[in-house]
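Alright, structures below, take your time with them.
Consider the two complexes below, in which subunit A is the common component and subunit B and subunit C are the respective partners.
== the complex of A and B ==
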């Protein structure tokens, strides 16, 4: 299967700092790819570059067969920013419906899937942090995107909900969606088909969670990360 | 589809206002209170009330729409909703038109209410057609959307963006001919006032207040305000970048 996203010599500068240092890679369609690395490693910048909203991107970056940020790609993209990007003074339904119609689709069952039906008519400003995160995710899931870019969607959520979200991501991939999910909790790598480990703007490794464990000789992913860094 | 995305954006902005009824009420009531105050100050000098009350009808939509636009767009920029929207098919002009349309509706309602109060209760007199008072207010509202959008690009916080109001809007009011007819100003100030859009809106209100019918000068004033509004909107659109640092 053709890769959903392909990049080569990808460099991003922010101010005087080079955040991504000429990285190359790709990830396959219809799978869950995890993007892991410590805070400041360039995860959000890579996601923003793929979403087409990052300035000063150099190198080749192809998304769903077109240039990142082109109109054709934007029709098929769902993007969740790290901080919940929502209208505080609208209800949950109004937020989700607006993002759905702007993307030319419909709300569908997304509130049910994210267990937000009880909050449907509440204003976002009255919600808890975890609920906001779910609404923000809902706004990315509507209108059946082909590519979902999720920047730390599970951060700060309770463990049960986190597990349910990962199940949802797996299910979406089974339905044909391509997911790129970032996290700094390496433990979540086991839910992914493949993981990309990012550190200081460089790709440390791209492999399956099992291969990562085999290569580093440990089941503990944090240990594995440390060993990869030390083995550089 | 283009029209559709503009309309849903307009609807979304109006929904946000609907969840904030206090703001809407203030937008409608405060101008009426100010006109009433003016009427009471000039209780025995109705001629002066007429001369000052009419130009204020051009100022209110600029005040209201500038403030709501600059703060709304600052929030779009800082909350991440703008970044999210920029990853969707929504065009920058569609977003902008959605805002302009929503605040145009707001300004029309405001102009309707304030005109009804000042003309009906306070006794302000217009010789020209009152419908054009509302049209002129609508043009000024578009100008307010453009200027507010521009201001939002140069501010990082709501504190900062509100400070652009005395900077961008109040000098226009002082030089608009409200305090002193523009032709009596020092030449340099007159020249500056010629370059400010609110001057033409205030001139337009003067025409409406003094002349029956629709003069060529009035049409020219409205056209100039619209041209300034278009310019401000285009400049503002340029500050809405799809890609950011």
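== the complex of A and C ==
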């Protein structure tokens, strides 16, 4: 299958700091790719670059066959930032509708899909953290994007909700959507088809969770990461 | 704002005001004949009573002070009371700090009463400030203390009202709005009581009226003191009882937290910006309209009396011409409309910055939303809102003057209003540019630029600074209509600088990284 995202010699500077150090790689369409690494390893910056909102990007970066940030790509993109980017003074439905309109599509069934029908007419400022995360995801999912970029979507959520979300990600991939999901909880790597391990702006490894376990000789993914770093 | 800073600012303003008025009255109207003439020309005017209340004895210095200072400061004291109560009893709760405080071994009752002690101290300071001001202004000590007490007790009553609204309302903002509504209603009752014939009894229905009924310096009625004392105690006692049984972050009145979706004004980022700024624009427009009507209405009476020749000379330096005529007075005051519109456009760019700092902009820009279209839309929105505000200022001031048979043509008042636009475009450009260049500090920079430019003009003109130095500020280049002609050349320069700054802002923003809070 053709890669959904492909990059070569990708370098990003933020301020005086070089956040991504000329990395190359690609990930396949219709799969869940996990982006793992400690805080400050460059996960968010890579996602921002793919989303086309990052400035001072050098190197080649192709998304869905076009250059990142081009108008054609942006129409097919769903992006969820780390902090839920929602309008507190609007209701759940209004928030989702707004993002649907901006993307030029319809609300569809996202509220049902994320079990938000009961909260549909509630103002976002009255929602709990978990509910906000789901609304934020709903806003990214409207108008069926081909590529979903999710920056730490499960952070701070309870285990039950985390599991439900990962099930949803799998389901979306089965429907043909490509997902790039970042997390710093390595345990979540088991839900991915493939993981990219980032450290200090470089790609440490890109492999399947099973290959990661085999290569490091441990089932514990945290241990596996430590061993990879030490073996560098 | 920090509670201490606010208290200090109020104390300072109260002390200065209660000194200036009696001192000024004494020097402006030295003889009894002067004062009687003043009482006839000025104190009998219904428009004046809107602000200051009913003058029982404007011929003596004490009676004049009780009317002019007591009447005005009572309103300020009411505002102080509501602000202090809501800040102390609600703000910490909404920001989550109260949860931390109560998690420590501090009983809820102690937290409540220690807040009240702090506020009581603030009110005592206000009382002392006014007393000192009056005494320094030459009034007897006993009467000064009593007049100051009449005003301070208004603050006490409104602390009680603020305490109650803090318990009733589900959020701090709503508590403040409810409290402000009580201040407005009390003022409205006083205005009706003081201006409408036969409605004097209504004074008993408002805490602001009680302060008048205490009759400082005009045959004191100290027994009236019991009314604010009793009401304030009762309100605080009730608030304390509610506070004990109420969960943090909730109110007796529940917030409207569900509503059916309204998708109007959600069709684009600019439409959404208009939707979220709509209530603020309506509030500004409402204030402009009310202020315009009042300005137009009182222009005749204010300009004809009460201003000493020396002050007139000082004000004439600001370029409005003689302020003894209604036209001159309106021309002078219109500079404040210009200032307000300039501050309004800064607020619009600050709202755009908030969209970025709260990361919503990042999401939008990943979607088919262009950077230029987004920022351009926000700037255009600010410019359109400035246009609407300047029209309102002109139109409603004209309505006010027309009601008083002052004949200033409508087109001329609209021209006076249009003076707001070049300056607003200039500061809109500079705010946008600072937003594009240094987003994190841009809000402070843009407000700072406006205030420095304005104070430069105000202080520079009056203090007799060399002309070329005063002319460094854009405010010095505004032709104050209707006494002066609109300065087309200067306006074009301001618009040109603004346009260049906007273009530069867009060019910089197109390639700059987004930054969080």
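We adopt the following convention: the second predicted complex is superposed on the first by the 232 of 232 C-alpha atoms of A that agree within 3 Å, B and C clash if a C-alpha of one lies under 4 Å from a C-alpha of the other, contacts with A are read in each partner's own complex, and residues count from 1 in each chain.
Definition applied: a residue touches a chain if its C-beta (ideal position, glycine included) is under 8 Å from a C-beta of that chain, and two chains touch if they have at least 3 such contacts.
Everything numeric here is computed off the predicted structure, so don't read it as measured data.
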Subunit C versus subunit B on the shared subunit A, clash or fit after superposition: clash
Contacts of A:23 with subunit B and subunit C, given as first, second, both or neither: neither
Contacts of A:122 with subunit B and subunit C, given as first, second, both or neither: second
Partner chain in contact with A:52 - subunit B first, subunit C second, else both or neither: both
Partner chain in contact with A:198 - subunit B first, subunit C second, else both or neither: neither
Touching partner for A:177 - first (subunit B), second (subunit C), both, neither: neither
On subunit A, positions contacted by subunit B and by subunit C: 14, 48, 51-56, 71, 74-75, 77, 79, 81, 83, 85-87, 89-91, 94, 98-99, 101-104, 123, 139-140
Residue numbers on subunit C that touch subunit A, as the complex places them: 255, 257-263, 266-269, 272, 276, 358-360, 362-369, 511-514
Contacting residues of subunit B [partner subunit A, same complex]: 1, 4-5, 8-9, 12, 15-16, 19-20, 79-81, 83-90, 241-245
Of subunit A, residues touching subunit C in the complex: 14, 48, 51-56, 71, 74-75, 77, 79-83, 85-87, 89-91, 93-94, 97-99, 101-104, 120-123, 126, 139-140, 149
Residue numbers on subunit A that touch subunit B, as the complex places them: 14-15, 48, 51-56, 69, 71, 74-75, 77, 79, 81, 83-91, 94, 98-99, 101-104, 123, 139-140
